[in-house]
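I have placed the structure first, in the form of structure tokens, so that the comments after it can refer back to it.
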Amino acid sequence: MSKRTQSLVLPLLAVITGLILGGIIMWVSGYKPINAYVALFQGAFGNSVFIANTIAGAIPLILTSLGIAIAFRTGLFNIGAEGQYWIGAMVGTWIGYNFPHLPWYIHIPFALIGAMVAGGIWGGLIPGLAKAFVGAHEVITTMMMSYIAILIGHFMLERGPMMAPGYNPQSPLVTMSATLPTLVSNSNLSAGIFIAMVAIIVVYLLLFHTTFGYRLRTVGHNPMAAKYAGMNVPLFTIYSLGLSGVLAGLGGAVQIMGVDHQLTDTFSSGYGYTAIVVSLLARNNPIAIFFASVFFSALSTGSQVMQINSGVSPNMTDVITGVIIFFVATDKLYSYFRGKFRRSSKAQSEQKGVSVS
Amino acid sequence: MSVLGLVFSNPELYGSTLAMATPLALGALGGTFSERTGVVNIAMEGIMLIGAFFGVMAAASSHSAWIGLLAGVVAGGLISLALAWPAVRLQSDQVILGMAINLFAAGLTAFLLNTVYGFGGTPISTPQLPQLTIPLLNNIPFVGAVLGQQNVVVYIMILLVIIGHFFLFHTNLGLRMRAVGEHPEAADTVGINVVRIRYFGVLIGGMMSGLAGVYLSIGMLNSFEVNMTDGRGYIALAAMIFGKWTPFGSLGAALLFGFATAVSYSLQNYGVSANLIGILPYALTIVALTGVIGRSKAPAADGLPYEPSK
Amino acid sequence: MAILEIRNLRKVFGSVIANDDVNLSLEAGETHAILGENGAGKSTLIKMISGLYKPDYGQILLNGVEQHFANPREAIIAGIGVVHQHFMLIPALSVAENVVLGSEGGRFLFRKKQAIDNVLRISKELGLPLDPAIKVQDLPVGMQQRVEIVKALYRNARILILDEPTAVLTPQETEELFAVVRRLNQDQIPVIFISHKLDEVREIADRITVMRAGKSVHTMPIADATAKELAQLMVGREVVLETLKTPAQAGEVVLRVENLSVRDDRKTTRVKNVSFEVRTGEIFGIAGVDGNGQTELVEAIVGLRKLEGGKIHFLDKNITSENVSSRIQHGIGYVPQDRQRDGLVLQFTVADNLVLRSVGAKPFSKSGWLQKKSTRANAEKLIKEFDIRPPLEDVQVGSLSGGNQQKVILAREMAREPMLLIAVQPTRGLDVGAIEGIHRHLLSLCEQGKAVLLVSLELEEIMQLSDRIGVMHAGELVTVMDAKAATRESLGLAMTGERVEEGVAP
Amino acid sequence: AAAQKHAAPIGANFKVGLVTDTGGLNDHSFNHLAYVGVLDAHKKFGIKYSVVQSHQSSDYVPNLTTFAQEGYNMVIAVGYLMDSAVQQVSKEYPKTKFLIIDDAITNRKNVMSAIFDTQQCGYLVGVMAGLMNQQKHIPQINGKNVVGVIGGQDIPPVESYMAGFEAGVKKVDPRATVLQAFANSFTDPGTGQQMALAQISQGADIIFPVAGGTGTGVINAAKQKNIFAIGVDANQNYLAPSTVMTSALKGVDVATEIAITDALHNHFKSGVVHFNLANKGVGFAPPIKAVPASVLKKVDSFIPLLVKGKINPPALLSSH
């Protein structure tokens, strides 16, 4: 198998293995796996609205995991994208409902840029500076900042400055001028998908076709060599974590402006964590991130219909997803068993050889 | 007395600190054992959940909290093999494996909870691990209130930290573990079985994280709730790094976090906004990290797969 | 009977035949040298003898008994002690811990005192003093090698194998090592000694086996071997051993260092008040025992380290407060001592590594965009010019042999046509053929009117190439002398800290 | 011709879809109770039902839509978080009946909003706590005049309970201290337990958790320290029979069943329906024996006052 076919076939094998194992678990606990999977597929791709929702669900994942991938490429683990996503959503919402008289072509960029800057500061400035100057481990700082962001979000909503009039802890709706148009009616799919696609291309070009990206990757692979080559390693640490936050923040704003239209306590259910898995699965490749995001989103949207049609708990989706990721990570499994098989057959023939001589 | 004076002079605060720190310290200790042999472990969250669930299940069906403890620890060990085996044998990416385990465990425990017990929750007859009263200690005024009466797992945790430190830094096996985590090839050339040591580290670590889960489900409580770890596995990860991959460091970081959490609970009762005061533990961690602790350096071969000699 | 006998050993990695029909016999009390080019298969042979690799074919006999080592442990038990080419020490552990690791003694508890006593005893027996409590990461490489030897002997090695042991040693340390080897021979412990350095081999070995392209091509007693013949056997062609150096036409000052003081990471002053100049057309050599401040001096000049005091002028410009990248732009080239750590991004391709220090400049980038065509063209040109093998621009540098990695760095630095090239240990671990090439490149720079600052622990190299030689000791530049006036003795004396007054160059 | 076997149950062709919010069916609270209500309706009328637990907030609209599209007669949305989703989907599917819990949608003919005046039942259990707190002869009561309430998060359905509780306590015991805290999570019983211990150390001897799964930890702590707890939403006495002295009840199950029944019999009520003491939509569970008859009697005496609106407990905490 060539490297390229391997990189296509192995994830597929992983998915199949994951589905089979998940099927066995369902079967053991009394469900009908085939029906469940048919429903899962239908729920993800069954009609144009489902397809649109699947793609829509991929948008925040794409944006956030692009950010995480940039950090990984620089050798940094941004485990706090969830909080940066929240911060972006918060700022996007705030700008989104506070300037009702702006025309859309100013309001939308204003909200998006505001969210990006805020996400960048949250992810980049504070953890980046702490890493660059006192060596504070980014796993701790980004994680802690993330919890802080979410608490601030709740504070804003629960009788806080961003709560809409009334009882419910939710922000006002963003105005039409800050709403990304819906592409497929009755679905969540908004023009945010174009933003996500542009982000993929930009990140791809940035990483692989600019000197900046070259330097980011150098710092990631070998900071000593980067220093030797005259690169300012602490600065690139800040850039990298900052960009990471910029993209996560953008993700949050796009989700608000395209889908939720207002901020609520349960606004995110852990996109920032799912996005880590997405970027790892995609091996931090921007193009692969698109497919991995759609895949995760499909599992999520499909699982909702799977529940309705076959009663399988959505937790089963997590189980299956976990199993699939496991088999993607263990891609060597197949060659391992093939190797074992070969080795044992080779050992036999060698033994024969010895007895002859 | 001022509000802060009231809060800080209350021995319950320190007792609560210890109780909140226990699952974090156990998780961080588990992570330390794994990572000291060079296997990155971000699966504490998932392993804890598994330990918590199977702990309850075994305790409920056997009517013995001790059997629950045993089962939770064993389950933690078993699930950690899903990290150990591919990491050691297949040179797989350990971070991906960790995330996979976390997702799998969250799904599986929720699924099993509903399948086995329905939506009402685990049986209330589930036994709980006992609170211990340490005779002499309990009579010392302030100290007694803090240390004299805690769940048995709290004492186990303290013992494990001490034993863990002793084991890592004063035994032959501990030396070999550290060697494997720093430079597996060098360890290999002096005849140390890198594979076996890594299995051992991850397995022991998994058992400790499993115990952390047991503490949450049948130590503090006698029930299992969906996602009841509530991110403690990730905080434990932070505590491990914060504690520079040492047992006492892990405990220290866990105590700091537990203390800040406990203070935040007490302060709430004096009318401070729950959301804002909730920031305290996280902010304090950042401040401590940037101000005092600084750089923490992972074992040199942490996360690097090693293919043994062929 | 031979203590160790190797018969028809073969080892294949994928498509590479690393060892093919290798034969060797080691007699009691002898020192047996193995000589061979980079990649000839010497280390592979050693790894099979020490149980790290399993041979595909052939036999290893100890005292006439065939061995099948399943792992290094079995080889250790059989009495084979190895000091690997890349040290197998754990930097974060202490000397004592490193020495006893894997054979600690006692059942469960680590017996620290016993470990320390063992180290002290063995190092005393060998005459190689060592502090058992210090961490290996705090030791200079020469000391680290002592640890490796003590480690082997602690395990009761009855055969000692040294894979390129002198590549990292100063002349003094090499002498100490030879004394140890001779002592071991007297104790009937045979030694296998691997090296590229012909004169060393001739000094220490009793017999020599030459390897080429995975095969053992010839074994002979040392008396029968001339340097020329050995070189020819190794490389398979004739090699010019003496570089013809034409005297320099020293011109204007390129680099002027004034009263430089530098601290290391632990804040101890490692360079004290050093002043010197380097002029166009000359090679200025800096000799000295490792760890006398050369590293810090060089790092300060290229901008990697802050100064404690002093000034640096480059081409009449005060660059004291400039950063690394602007110094690069001014025209300072740098070949670092640790090529893998500092000089290369192992995961990048050869082509990408060849622009590591000039990626921001034309023609490799245009307003921030990478110009992949130029990068590729640059790589193709340099690969040819510097004979980098394999001649492929898109393979990962990490998969190249050490010698070829070094060529990549040198090519990159020379291609930028720097006014000053600072080269630290540029030929460390390389075979004669590769050394010859690198020396030629350095000399050609001078001929083009550029300057070279050469830092090396190899006196021969310094003396062969330099026009003027500075000697560092304990952070001070104790002397600067004309190369013609320098002798091994005078340099050696200076390296011990004696100030040599006569022959000081202006 | 109709088959002459058994009369098909009257709900055989009536399909109910339940959409939980992201808390899921294990929330020990309204999602679970709504599910119980659906099950009851299923047992009674043989209705068909299906449940979907939302994974994230962007699932609300698709999930509601899916049920509506597939011809479900009634779709139940649990929680105010689905407010805008229900507004949107109910407009697109005017023939489908919707029930939303804990929210007030007034401008749709096909939407019923169930609002629970839990400040009333909170008030009653508060009165009970205030009175119990003075019964110094009961071993669990320490005489320090302190009670506690622990919320999951500061959201309206939680706050109304808490505000009512506080007012109730103060009504009968103006000098009492009511400790308040939020766990910032509905799924962290460990934190619940520690917060309860913190309140106990400050003298609390009766604690009222309004915190879903987090509350199980509170009850556990109360049991350990031998004080009283008050259950929430459903009768939680089973969790710790001699500790949970009563429970404040929120009839989400009742409301759900009523809504289904009404729709089934074609008298679906749109608009906001208040569930309160008057229509037994809220209340409290029979107290355990440790609660003296005199106390119970006094508590009962407040019911008519509340029903008649003589007392209107606040739905917001005084600290806001």
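Letters are used for the chains, namely A, B, C and D, taken in the order the chains are written, and counting of residues starts over at 1 for each.
By our rule, a contact is a pair of C-beta atoms (placed from the backbone, for glycine too) under 8 Å apart; a residue touches a chain by one contact, two chains touch by 3 or more.
Only a predicted model underlies this, so the values are computations on that prediction, with no experimental measurement involved.
The greatest centre-to-centre gap from subunit C, using C-alpha centroids, is found for D. In terms of C-beta pairs in contact, B-D outnumbers the other of A-C and B-D.
Rounded to a whole number, the gap between the C-alpha centres of subunit A and subunit C is 46 angstrom. For the pair subunit A and subunit D, the distance between C-alpha centroids works out to 36 Å. If you average the CA atoms of subunit A and of subunit B, the two centres end up 27 Å from each other. Shown for subunit A are the residues that touch two or more other chains, namely 151, 154, 158, 313, 317. Chain contacts: subunit D has residues 154, 184 touching two or more partner chains.
Here the touching chains pair up as A-B, A-C, A-D, B-C, B-D.
By the touch criterion stated above, subunit B contacts subunit C in their complex at residues 170-176, 178-179, 182-183, 185-193, 299-300, 309-310. Those residues of subunit A that touch subunit C in the shared complex are 208-215, 217-218, 221-222, 224-232.
On the subunit D side of its complex with subunit B, the touching residues are 24-26, 28, 32, 35, 148, 151, 154, 179-185, 187-191, 193-195, 197-202, 213, 216-217, 220, 224, 238-240, 319.
Note for the complex: subunit D touches subunit A at residues 17, 21-22, 50-59, 61-63, 65-67, 70, 80-81, 83-84, 92, 103, 153-156, 184, 315, 320. Chain contact summary for the complex, subunit B toward subunit D: residues 10, 12-13, 15-16, 19-20, 23, 110, 113-114, 119, 121, 124, 128, 131, 216, 220-223, 225-228, 230, 232, 261-262, 265-266, 268-269, 271, 274-275, 278.
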